[in-house]
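Here's a structure for you.
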Amino acid sequence: MLSFVNDYSEGAHESILKRLVETNMEKLPGYGADIYCESAKKKILSACALSNGDVFLLVGGTQTNRIVISSMLSSYQGVIAATSGHISTHEAGAIENSGHKVLEIAHENGKLSAPVVKAFLENFYADENHEHMVFPGMVFISLPTEYGTLYSKGELSELYSVCKDYSIPLYIDGARLGYALASDECDLALPDVADLCDVFYIGGTKVGAFCGEAVVFTKNNAPAHFMTVVKANGALLAKGRLLGIQFDTLFSDDLYLKISRNAIETAKTLRCALKEKGYRFFIDSPTNQLFVILDNKKMRALSESVAFGFWEKFDGDNTVVRFATDWATDPKDVEKLISIL
Amino acid sequence: MLSFVNDYSEGAHESILKRLVETNMEKLPGYGADIYCESAKKKILSACALSNGDVFLLVGGTQTNRIVISSMLSSYQGVIAATSGHISTHEAGAIENSGHKVLEIAHENGKLSAPVVKAFLENFYADENHEHMVFPGMVFISLPTEYGTLYSKGELSELYSVCKDYSIPLYIDGARLGYALASDECDLALPDVADLCDVFYIGGTKVGAFCGEAVVFTKNNAPAHFMTVVKANGALLAKGRLLGIQFDTLFSDDLYLKISRNAIETAKTLRCALKEKGYRFFIDSPTNQLFVILDNKKMRALSESVAFGFWEKFDGDNTVVRFATDWATDPKDVEKLISIL
Amino acid sequence: MLSFVNDYSEGAHESILKRLVETNMEKLPGYGADIYCESAKKKILSACALSNGDVFLLVGGTQTNRIVISSMLSSYQGVIAATSGHISTHEAGAIENSGHKVLEIAHENGKLSAPVVKAFLENFYADENHEHMVFPGMVFISLPTEYGTLYSKGELSELYSVCKDYSIPLYIDGARLGYALASDECDLALPDVADLCDVFYIGGTKVGAFCGEAVVFTKNNAPAHFMTVVKANGALLAKGRLLGIQFDTLFSDDLYLKISRNAIETAKTLRCALKEKGYRFFIDSPTNQLFVILDNKKMRALSESVAFGFWEKFDGDNTVVRFATDWATDPKDVEKLISIL
Amino acid sequence: MLSFVNDYSEGAHESILKRLVETNMEKLPGYGADIYCESAKKKILSACALSNGDVFLLVGGTQTNRIVISSMLSSYQGVIAATSGHISTHEAGAIENSGHKVLEIAHENGKLSAPVVKAFLENFYADENHEHMVFPGMVFISLPTEYGTLYSKGELSELYSVCKDYSIPLYIDGARLGYALASDECDLALPDVADLCDVFYIGGTKVGAFCGEAVVFTKNNAPAHFMTVVKANGALLAKGRLLGIQFDTLFSDDLYLKISRNAIETAKTLRCALKEKGYRFFIDSPTNQLFVILDNKKMRALSESVAFGFWEKFDGDNTVVRFATDWATDPKDVEKLISIL
């Protein structure tokens, strides 16, 4: 059966597997002190054009969000996020479990707009009872968003400017960052992302790795003893090489972006075909996730030969579904899918 | 340079690598719902001779300790552990970070004795102020211990009996469980371990895997919605296959025990040679870690050709060092080490 | 200057002061083990017509909410509350600080309706991703609500029925419970409240006491070792007598309800006068808080001779303000206020 | 029956009661913004001779320890305390519940010595694995200690000097601070205490108040938005006046010290009599708590006419008991006790 159900269905890119095999019996120091972690960090900083950055390699996305957010907030602070943000919805309350409220605000197509964030901050400080409320201490966004949408360079600059006005960090969840950067509609390069936020992570799990997310603190602003914080959260791998080798490979020869383009190209082919065939889109998303409104009968019929994601009810007769491509999507599978749509 | 510095210096066993490569492009469900996780769990339960057990695959040891302990304790409870226990010393306060005190009590060669634990519990309940104190809610031990020592079946039974008398679970950290089970001096088989505690984990990271620890709840006693708890702690891998394939491999054809024996055999060879050459042992440990007292000059000289672990000062002139073998230790390296000792 | 700014501006009811003075030099056991705490608890249980209840005396409302909620939830659970609920807005993130998400849902005049709660619960369990989400583990309501509104016996029964269907407790924040029970429009007596929830608290701070909230677990369902939980949260008073004497007094000779009626009577007088004079009400609240829409000029003029609460902007020219009465409000002050309105 | 069981058996000093009655019907702002809190803070700063201090009034001791410690530590830090420290033993794990380990070290008569603390800190930083351990982030001591002993000015200076060398704050739990300052053997005045630490609290509960502890940050070092932190911990009293009036009274006309002297005088009388009669002391404590070794038969006989504290077993035949005096102890009761000893 064809599958477009998500972007983490396969293992790792073959180059990663090759390097894991080649280096397997080398005796390396533990806990991220090996040469591959070191090399990966240098390559990432270089790709980000950062001279004052710090990189830490963590295992998964929820883990990364939890640790980055809780280590940068004071106990009286919460994090602003879209109601559709991953931390608001599908991380099982990891942020609250670490002691902080997610201050959910309205989104537009999965995005936070600078004016909305600014208004929230203004209202907070204008409220004479704000000492009895959770202080906004960070802004969280995803790039691409949970709806596959993008921030333009202008939008991101404007949002970052609001954050700086209020002296709170901007954090970008880049679980699918490659699929943003590789999109035709993206006017941001990796150094722009690094420049326009305080901390972000480059997702590996959804872009060619078995696991792994590279956190980048962009302005010499890593929390003190961050490695100990990571350890206390149970997130420090003894065999840090597993992360180092993967990211070292992904950031050699521009592999991360190259393999991201496969997801974008295959999604584009599918998007065009869906449009031609007259399918309705729930949202216009220029990355690797396509949200389509299907008649329920059609949906049931299709589900016999293709796996896709059930997103939400649209109305009594229709449902929003998601087709996802990724670094490993075979263009032939896209052709097959198109033929049966 | 030779290295006996720890037991997590290499990558993964070649059978694991082979299976990762073979299965790499299979499209599998995420978050542990794949066939390899399923198969691994069945094999583990079978190896444990458990009909009422539950298995969960987590990524690392500190993570596992934190999640298992905090999910089984009530907020008013702490966990009893040896002062030498890993959770007491080298997990960066992960247990306290999750809200619980480690109730540290005296050890003998890294072990907790049943009478000492019983006396602690008796004294606690005899204290008329105990409602103002942290209730002992679990007993934590390591097998082998942090000093490489073992509990006999009798000792473990006695300890478990005390726990049952007080209705608190016994939890065994098996980060190096294979190296206990494979030891000549161990009279416990895996089903005995499963029988004599409420929950334990089978360490993968130190026994042939890149990462991974298999938590086994032995008596239908997994905490409710444990997967959600794991997720909230940031410990749920999207590509659960990475853990499933590793443990499925380790528990096929008795591989876990077979490769554990290499660590024991090479350690035995080294132990005999050290004894013959008149080295003093700090502790008598029958597993894969040897703790030797070296004259400081000798230590410095040796450190030029061999990497080993610095354990602690013995006195002004001598130091306790650790030589560790593992599943991947090359017997030729042991011979080389012996020749220069 | 007249003050109707809130309902915690004065000290304690004179009967309480009298009892504090009379008992002052008695040597009493600490931590709530004294005869006054014991007597208070018995009187409260009797007033609630409970044979299977437990009462604990805590110091303040946010403290009580934090401890009750966190001690009754599992780590994977959050608490459902109205977006206008005190725990959602003005408790500085106390619930999140204790590790749990507040699952905010829409309110009607500050109230949660049974159908809305039921729909939320149905949708949660219908969502195939719910294992990655925060489980709803409790429903929190306030009686009266933060808008001074009331639940009828029918509404409360219906809501409790939904909770029981989903096996989650219903918790009632009764910071101003007296002002609900004393309202003409309230068809609930204290035993009804006790019957129609799993846990609630009877507010002392806003109803005649210096401090103190009496938590009532109604169905033999107090969390194990609740006193130790209270201690660990820093909420156990050494001189528990301070709470015991206050609640013993408030629950002697029906004092709690009697003094509550003063708030209701004075509020009623004020409400009638405001209506007669043509003031617009923001919300129709039958308890001790009146929410009135004032023209901004009128508001500024009035604020020179009366203190009242600023609630929120209504529109560019008008503001919602709050007048609060309480157990100590002098009817003469109400007359004075009316004369200058 | 006579009672010397603890120092929190009575209510509040009569001057406090008088002021509570006199001010009772004044309408005052909530949450500590009233004139009495303001006045109390000024008087306390003046008594401490502090120009750069901040004072916050909290309700109880465990609450204060929990909030001060957790708000001054980073998540990777713990607090050094004596094994006999209150936070180590009898606060139900409040510090761990807030996420931080208590790093327990050996005491001498309840005291931490500067060399022992220094050695602990040196060893920590010398340990090459310290990034995997809990960082010492604060030193906690009690004055007087839990054994009623005192630090001399020289000892305290030396200890503070170690803390400053390692850039970690020194925090003094002054639950019974008055009974230290009033002791003949104490060479510290309140300004010395304020000078020789970063933060301390002046205990009210055990020295004349119903409740209340005044936290003093001595060097412009109150944590940001401390009031919000207090609120999130459920420790902010709506009627802050209850604390303000008590401390304003205690710090008028030197009342705090005056009433403390009663405890010291009565303890002295009792101590002399016990010595004369040949009783053995478990420890030599110059404050309001006397620790005496009683033959078990004697103890049982005595307990029929006097209430005292059971401290710990001394040996099979003897027990350590505690006699406590306080601000309210009647000298006649001491005479009665002496007569039956």
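Here the chain labels run A, B, C and D in written order, and each chain numbers its own residues starting at 1.
As a convention for this text, a residue touches a chain if its C-beta (ideal position, glycine included) is under 8 Å from a C-beta of that chain, and two chains touch if they have at least 3 such contacts.
On a predicted model such as this, the values are computed, not experimentally measured, just so you know.
Peer 1: Applying the document's contact definition, name the chain pair with more C-beta pairs in contact, A-C or B-C.
Peer 2: Contact tally favours A-C.
Peer 1: Can you tell me which chain lies farthest from chain A, using the average of the Cα atoms as each chain's centre?
Peer 2: For chain A, the chain whose C-alpha mean is farthest off is D.
Peer 1: When the C-alpha atoms of chain A and chain B are each averaged to a single point, how far apart are the two points in Å?
Peer 2: Distance between chain centres: 34 Å.
Peer 1: Distance-wise, how many Å sit between the C-alpha centres of chain A and chain C, to the nearest whole number?
Peer 2: The computed centroid separation for chain A versus chain C comes out at 42 Å.
Peer 1: Suppose each chain is reduced to the average of its Cα coordinates; what separation in Å results between chain B and chain C?
Peer 2: 50
Peer 1: Could you list the positions in chain B whose residues touch two or more of the other chains?
Peer 2: Each of 75-76, 91-93, 97, 99, 131-133, 228-229, 231-232 in chain B touches at least two other chains.
Peer 1: Provide the residue numbers of chain C that touch chain D in the complex, in ascending order.
Peer 2: Touching chain D from chain C are residues 3, 5-6, 8-12, 14, 17, 20-21, 23-30, 59-67, 91-94, 97, 205-206, 210-211, 228-229, 231-239, 241-242, 307, 328.
Peer 1: Write out the stretch or stretches of chain D touching chain A in their complex.
Peer 2: Per the stated touch rule, the residues are 31, 70-71, 74-76, 99, 131-133, 135, 223-225, 227-229, 231-232.
Peer 1: Enumerate the contact residues on chain A facing chain C in the complex.
Peer 2: 75-76, 78, 89-93, 96-102, 104, 128-129, 131-134, 310
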